[in-house]
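Report on one structure; see the data block that follows.
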């Protein structure tokens, strides 16, 4: 963790642990005083999995969210009120996330929540905030959150959703007549990605030659390889996430699949690519919400990267980190427009907001509160052509923001 | 389904089974001799992979990592036995189980602190990159190498247990510890070596798995469950049982992958439930 | 199973009791309820206090099997999770009134415990631990697959209980204090039930089986049947905790069924002290407080929790409460 | 002669290829003390285990009051009226002496009661106390069992067996590991018990057996080689050969 973010978290931590230490009397008696001071400060709760397999992504999210907060505070806050970020560890567990969110709402009296890195955590937080009328900006990929069943008027979905990601990736990697084999993680995320890809295929005219569902969290994929090969596809489309993606691509490469077919994934993760190495990922194509290399032609990305480099010893922000930045920024911009933290006003402001803070113009769609935004299609570079340690991908395309990539409101179950 | 595919699938199952065998064997040896269920086995598997990677990066050669890491982690296992597990003998059999459960947490977190939580690349040794045509399909050379190496290790283990004095002591001790005292064998030393051997096998499994999977702090979690299933099916403490059950589970998984792929993880637990209902002590186990 | 390590003196009623332990034993139910009433005002947050209730009940229910019957199950996440899932599904998908859903959750979890117990209580020692673990993992994968019912990896949601009717009045269940005291009534009920079970002839029978299974059998106890009953009762209590958790969070994560949850239950029980009535509850409190505090200090809290657990196994096998009782006896 | 209380007919028991017991036929009358003797490995413990349901016979039958015990599970034996003690002390170490006996007493009537406070079963307390008095342990009522002296633990085990009010009492070396004084106490206890019930005894201490028994069975290599009064057994040539052949006789 770098200095900027550590300060913010530490400041928070010390206050909380003091409360815990003093126990009942102290914390309870202190309440009236705290409550008065709290009117001044705008508090944003930020649950994220600081422990567990996505800790690196989570730390990056915290850094980026802290950067957004710092930028607003440096400019004098929101209507003169300072903004404070309250980071909590959700341990990548929905139950833990629900508990932390309850604490943030009930004890810390936050004005809004931003965060989550997995679909389950996101839906757990959504459940808690929906019942209590708290604004929540969610920053983890999911189609479910857009659908009417889980819709909350208080929730805004800043992350890409599987449908738009796959639509963009397919548009730039599938061609008419391609034969596509699917290896799909057997849970909601995988199913959503598969559905998106197949729909895009139907439009493009690429044929599905077979699909294999693999168990979520499997470590060995060798047993699927002979069958995938026997399907003789031109494209192997692997719809899974994180460790599953790393393992399955690594083993597909071991089986020599890359010589015969192109590997396409819905999402290429910066940190996962670092963890597995350039040779395995070489030539793999996938989508992303953000890649630092965008800066060459995009002034917002350049500004975001520079601000991040400034506080983080020249490091660059990653994809999931950028969600932390855009998510918090959009919320604060809306609060600024609403002139405070009044929930209804902020909701209206978010719905009307047009923002461009890191990657080009974005806007929340009114019916499902999905952020309409550009989708990057990336291809992993080979080791020899990397110019630096973080020069990981070539940008194949930057599919511009458009509702064409999304399912229509009526399709999601919203009244027209 | 054509025959080629089924044969190929069978072969994948054997390769998968080879890794299962080597990790389950370590678990089984420790249990058979010491009566300790090592819940840190998965974590030690993971530590082995990291150690192999570390040694390989220092020496620039995978082969040094393969050789040194299991010995290094085996020695570490001896320290664990001596410092942590030994004080628990004579207490409830649950105590070492609980202790190693806590140790697993500590090891995983320690690796996260030292090497980061994301995982690091573990490249396949250049000599073993690529695939060969088996006649029924293409198979990675590295996986063939793993099968060969596991057979070699099993052979060495068998020779060690059958043909050496130490092996004799271990086999006798597993049957009846009191005999050892009568024979004047320092049982403490035997425990130490056996625990080290079991942990070393876990580490070897980790190094071997490194080039096939992503190396990360959580990689041992599933391995632990798999190793348990294999040892329980085979019969706790039975070395032959671990070998047969490892192959059985590997093949069951690969065959399920062919017909109902999304069930490939459940199948091993289901297999175990069935075996235990018919034979509660496992295929080769003795009744308690 | 009769290890000197785990033997705590607080279980049987006639062992040279000091005035402190005697008083604690005689009034254990009212005393625990009093402690529970004060709890939310002593902890950093109300949400944490409800979690202590939930995991306290799980640990006490688990201890009926681990501490008193001497069976180390690694599969109790299944019953905890079953209670939570069934309650959530009953409310969310069938619109069942919340109190009925609670009963369904308890019964369903108990039925699952009866089935798994029937399969596992015939196995002995280490086999029992591993088979319970494996069967519970099987339940985990079934829940993952049955995503149209359980929500799969996304977790079960859509059953928020915001208002409840109790004794003719409507209570705002979103209010943390109300929620705590309503759920506390369930916890108190569970503690009372466990206390009665432990004081019953059956309570003596399971201790006898823990102490010496062969002798108990020769005395005329059907050991398998008794173990199965203990397993089922333990599962019922854990299922109740599951339903409490579902009502509390309005969400059931799939992780609730993972063997890590079972491990956590074991750790809590041991931390507080198996074989004592209060111990597991104290353990749950200590564990959750530790996690809450350490996870704010460092993201590497697991290394601290793991180390503390190792130290407890090595040096304080009686746990926090067991050790306290030991000192109080002297 | 009255009908036998307990009878075995042609009973055998194998462990794999090893024959531990073969072709044993005997009947036991109520109110008698019968001792079973034989060198180590003669099959005495196996015989006891078959009689108490720990092992099922590989061949032959065991009858109690005329009822064939095949298929009866071990824990039910005590409810029928057959109780036993073990060669190696077998008690509940962490419970008090009184709890040891009471938990045995309640097996008869309140096994699965999970709700009533056990203090309400005062008759069980009385029964437990009576058993403790009978074996002379009334003063050690609240002592934790594992802290009792060896002889007291053996006596406690007999008290546990007595609580079921058994008609047949199987005692496996009740004086094992005892000094002369403890042995004397135990013999006195056994004499007292013998007046009320049928006792089967496995023992090595010959003097004690000869004084106590109405009848003696001799097992050798799993076969019954002699069956008769103490006097008959003392003069039996086969028995003398077996014993003299291996050590200095009647120890």
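As written, the chains take the letters A, B, C and D, and residue 1 is the first residue of each chain.
As a working rule, a residue touches a chain if its C-beta (ideal position, glycine included) is under 8 Å from a C-beta of that chain, and two chains touch if they have at least 3 such contacts.
Everything numeric in this text was worked out from a predicted model, so none of it was measured.
Identification of common neighbours of chain C and chain D yields an empty set. Taking the mean of C-alpha positions as each chain's centre, the chain lying farthest from the centre of chain B is D.
The central chain of the assembly on a C-alpha centroid basis is C. Rounded to a whole number, the gap between the C-alpha centres of chain A and chain D is 74 angstrom. Centre-to-centre spacing of chain A and chain B amounts to 37 Å, using the average Cα coordinate of each chain. Centroids built from CA atoms put chain C at 33 Å from chain B.
Residue positions of chain C touching 2 or more other chains: 141, 145, 300, 302.
Residue positions of chain A touching 2 or more other chains, listed in rising order: 51, 55, 186, 215. Annotation, chain-chain contacts: A-B, A-C, B-C, C-D (touch as defined at the top). Residues 38, 41-48, 51, 141, 144-145, 147, 151-155, 157-158, 160, 162, 174, 176, 245, 249-256, 289, 292-293, 295-297, 299-302 of chain C touch chain A in their complex.
Within the complex, the chain C residues that touch chain B are 1, 3-6, 72, 119, 122-127, 129-131, 133-135, 137-138, 141-142, 145, 259, 263, 266-267, 270, 300, 302-303, 305-307, 309-310, 313-314, 317. Residue ranges of chain D in contact with chain C, taken from their complex: 52, 54, 73-79, 83-84, 86, 90-96, 98-99, 102-104, 106-108, 110-119, 121, 124, 142, 144, 160-161, 164.
Chain contact summary for the complex, chain B toward chain C: residues 31, 35, 37, 84, 87-88, 91-95, 97-99, 101-106, 108-110, 112-113, 225, 228-229, 232, 236, 262, 265-266, 269-270, 272-273, 276-277, 280-281, 288.
In the complex of the two chains, the chain C residues touching chain D come out as 2, 7, 11-12, 14-16, 196-197, 199-205, 207-208, 211-212, 214-223, 225-226, 229, 233.
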